[in-house]
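So, here's a batch of structures to check.
Presented sequentially are two complexes of subunit A, the first with subunit B as partner and the second with subunit C.
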Partner chain A sequence: MRGALKITLGIMTAIGGFVDIGDIVTASLTGARFGMTLAWAVVLATAIMVLYGEMAGRVAAVSKRAMFDVVRERLGVRFAMVNLGANALLSLLTLAAEIGGVALVLHLVTGIHYLIWVPVVGLGVWLTIWRLPFQALETVFGLLGLCLLVFAAALVLLPTDWGSLWHEAIHPSVPAGEALPTWLFYAISLIGACLVPYQVIFFSSGGREEKWSVKDMKDARLNAVVGFPLGMVLSLSIMAAMVPVLRPDSVDVRHLGQVTLPIAQALGVLGLILTFIGFFACVFAAATESALSIGYSVAQYFGWTWGKRHKPSAAPRFHVVCLSSVIAATGFMLTSVDPITVTIITVVLAAAAIPLTYLPLLVVANDREYMGRYVNKHWQNGLATIALLVMVVVSLATPPLLFATKAGQ
Partner chain B sequence: MRAIVLVLVALFAVGCAGPTVTANQYRGKVAQTAKAMTGIIVTAQHAARLDLDGKMLPTVSDGVVTDAEQDADSVQTTMESRQPPDDRSDRLRRQVEQPLRQATSLLTDLRIALRNDDHDGERAAADALDGPLGAFEQLSGVS
Partner chain C sequence: MPQGIVTANDMLWDRQIYDRDGVEVGKVDDIEVTIPDDGGAPTLTALLCGPTALGPRLGGRFGAWWTAIGQRLRPGDELYPVRVTADMIVTFDRHEVRLNVTAAELPTNRLRAWTRQYIIGRIPGSR
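Then we have the complex of A and B:
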């Protein structure tokens, strides 16, 4: 049990960072439209996330400093400022999408219009950041998010053609009637949804919140190796559950309610309740993580006291940044902009900005001054360089694909 | 100044009517519309039937059907705003507009029946949606 609790940071990061509103929407949309032919994108993004997540945990444990602190010192104030600006903006957009996502979940459960829920959710996110201890945050949301395993259970009960699912997953090809650019656009969206930059910031800062040191490296590694693949399993389960129910008619998934249909068919009302608990935990955790990540990155950049391990009165500027982000994101969602549209734009922008977050991490993980004998090994650098090349290709391909496909139409 | 206003009004009017397309492009748009409507109808029917089987939360079925109704309405508005480039395209427009109107109206009936907890009305509306669904399945192949 103690061992299981040790990996709750990894589970929460995976639950909130990996399986957030962006991932739920893109995984179900692609499952209903392309079957499992894009499963490779989730697997690839998970492999990259494990590789860089382990690096982020190691940097936090060995240098005993969080990412932005080290990045500013190692790569200079200007580079770090660009990095900070891009990450904070993207995290803010993500936060807005997540707040909208939680409001949509509450709308589906209560029938009350989602715009009424938006300020309530914003307040809830801020109160959680303000009052809930970090350990409780990890445990509650990490474990409740596991309710999404209901998608895997539903898959077993639905009339699933396992052979066809497996065949599509291991022999990816553009389905008949679909264009290659559209297929690639959604592959990029999936990668962007899995590799959202705030995950790395949250994971490394969370490591500092938990006071990781060299002694905890095994736990840090376990968090990355177990947490992110768990996120992948959840994400692939959501994608696969859409196939037997929505794919035969190529249903265009544009609303959260549509995602629940396979669960209702397989497991009825009980399944739906578990789904909503899981959705709420994942998306609310993601909202909290993205708000905290903005606070973490800004405070670390400026060298302020930060973190939930300090009383709010001891880290006032950190809490003011978190609160301002929540207010800004809530205000943005109250303009009645469609949460699902914001989500899709966010994952696409995240795909374009991936290298900005991951390159500095690779540089720091190779610096003996910070890492001593814990610098990256040759094989890690080899894999990380290939991964970085993939990220650069994804980043460069995003704008033309976005325009060529009219955002995946 | 008056000329600028006239040009802006003209541009706005053209914008409202949708961009002019070739006959081929128009056929493509019709096929796209039919495909979108197939997905919308199937989703609503599925939600209604699960609701009748007692497998849905009422708020979820309401949400799914209301979203379907709004989506159908939006598809209909977009289709009606497009200018058919020739007579053949105009005939195609009439072919797609009839099931579009029927589907939108039936989705409204379905939403009303759902909210009134009228199971017979719900079943009737869901079954009646098979009519426009068949028409859209045929029209999906026109391109």
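Then we have the complex of A and C:
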């Protein structure tokens, strides 16, 4: 049991970072429209996440420094400032999307308009940051998020054509009637949703919150190797569950309620309850993580005291940053922008910004001065370089695809 | 520059500063080097902290803007950055600087103290 508890950071990062509103929306949208032909994008992104997540954990454990401490020390004030600005803006947008997402889930459950829920959710997110201990945050949301395994259960009960799902997944091709740019646009959305930069910041700072040291390296590794693939299983099962139910009618998923249709059909009310709990846990955790990661990165850049392991009065500037982020994101959602639109914009921008966060990590993981004998092995660098090339290609391809496809229409 | 020579900037810029009790004081935003009156070797006399030290290093319009904000936050619009004098330094390596004073005694503590007193301290449950 202790072993199981040790990987809760990994599970939480996977639940909240990997499976968040961006992932739920893109996975279900692509499942309903393209079947499993884009499953490769999720698998590819997961492989990259495992590789870089392990590096982030190792850097946190060995150098005892979180992401932005090392970014500033190694890559200079100016580059780090640009990086900080881009990351903070993106995380703020993500936070807004997640707050909107939780409000949509609560709307589905209660029937009360989501805009009424937005400030309530904002308050809840802030209270969680303010009061809930880090360990409780990990355990509660990590475990509740596992409710999303109902999508896998639904797949078993639905008239799923396993052969064709598998065939589509391993022979990716553009489905008939769809254009290649649109298909590629959704591929990069999926990759952006899986690799949102705040995950790495959260994972490495979380390792510091848990006071990881060299002895905990195995746990850190286990967290990355188990947590992120678990997230992949969850998002692939959401994607696959859409295929037998929504794809025959080529439903265009524009509403969170549509995502729950396969569950309603296969498992009825009990399944729906589990789905809502799972959605709530994942998206709420993601909101908390993205808000925290803004506080983490700003405080680390300026050398302030940060983290939930301190009382708020001991880390006042960190808490001011988190609080202002939550207020700004809540205010943005209250302008009645569509949460699903904000989500899609966020994952696309994330896709464009990926190399900015992942490159410094690769540089630091190779620095003997910080890492001693725990620097990257040759094979890790080989794979990480290929992964970085993929990220750069994704990043460069994002703007033209965004305009050419009018955001995937 | 010949190999093997490490500059003071490389050694100190952007390192984390901790006080006597391990509390974060800030980053080394810049350093102050003084050439003695008798013309001897330049010595490190202080670490400089805060936006007025960081601004010039950021450079460009953004850096100037950053410096201006820092200046407004300093008492009496003082331009010279907050100094952590060299005699306060106990140890330093390429990762961190440790001081022999507490954060509360340092002038770098003003934003922290202000946010604690006027924002965070007023919200229930901050302690």
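Note that in this section the second predicted complex is superposed on the first by the 409 of 409 C-alpha atoms of A that agree within 3 Å, B and C clash if a C-alpha of one lies under 4 Å from a C-alpha of the other, contacts with A are read in each partner's own complex, and residues count from 1 in each chain.
Keep this in mind: a residue touches a chain if its C-beta (ideal position, glycine included) is under 8 Å from a C-beta of that chain, and two chains touch if they have at least 3 such contacts.
If you're wondering where the values come from, they're calculated on a predicted model, not measured in any experiment.
S.K.: Superpose on subunit A as described above, then tell me if subunit B and subunit C fit or clash.
M.R.: fit
S.K.: Between subunit B (first) and subunit C (second), which, if any, makes contact with A:K406: first, second, both or neither?
M.R.: Neither partner.
S.K.: Who does A:R368 touch here: subunit B (first), subunit C (second), both, or neither?
M.R.: A:R368 sits against neither subunit B nor subunit C.
S.K.: With the two structures laid over each other on chain A, which partner does A:W130 touch: subunit B (first), subunit C (second), both, or neither?
M.R.: second
S.K.: With the two complexes overlaid on chain A, check the angle at subunit A between subunit B and subunit C, Cα centres, nearest 10°.
M.R.: Taking the centre of subunit A as apex, the angle works out to 130 degrees.
S.K.: What is the contact status of A:H378 with respect to subunit B (first) and subunit C (second): first, second, both, or neither?
M.R.: neither
S.K.: Name the contact category of A:K215: first (subunit B only), second (subunit C only), both, or neither.
M.R.: Neither partner.
S.K.: Once chain A of both complexes is superposed, is A:R317 in touch with subunit B (first), subunit C (second), both, or neither?
M.R.: second
S.K.: Could you tell me if A:A264 is touching subunit B, subunit C, both of them or neither one (first, second, both, neither)?
M.R.: Touch partner of A:A264: subunit B, not subunit C.
S.K.: Between subunit B and subunit C, what is the shortest CA distance in the superposition, whole Å?
M.R.: For subunit B and subunit C in the superposition, the minimum C-alpha gap reads 36 Å.
S.K.: Going by the contact definition given at the top, which residues of subunit A touch subunit B in one complex and subunit C in the other?
M.R.: No residue sits in both footprints.
S.K.: In the complex formed with subunit A, which residues of subunit B make contact?
M.R.: For this pair, the touching residues of subunit B are 35-36, 38-39, 42-43, 46-47, 50, 54-60, 62-64, 67, 71.
S.K.: What part of subunit C is in contact with subunit A in the complex they form?
M.R.: 13-17, 23-27, 54, 57-59, 62, 94-95, 111-112, 115-116, 119-121, 123, 125-127
S.K.: Within the complex, which stretch of subunit A touches subunit C?
M.R.: Those in contact with subunit C are residues 63, 65, 69, 72-73, 76-78, 81, 130-131, 301-306, 311-314, 316-317, 319-320, 323, 369-370.
S.K.: Along subunit A, where are the residues that touch subunit B in the complex?
M.R.: 107-111, 245-246, 249-252, 254-255, 257-258, 260-261, 264-265, 268-269, 272-273
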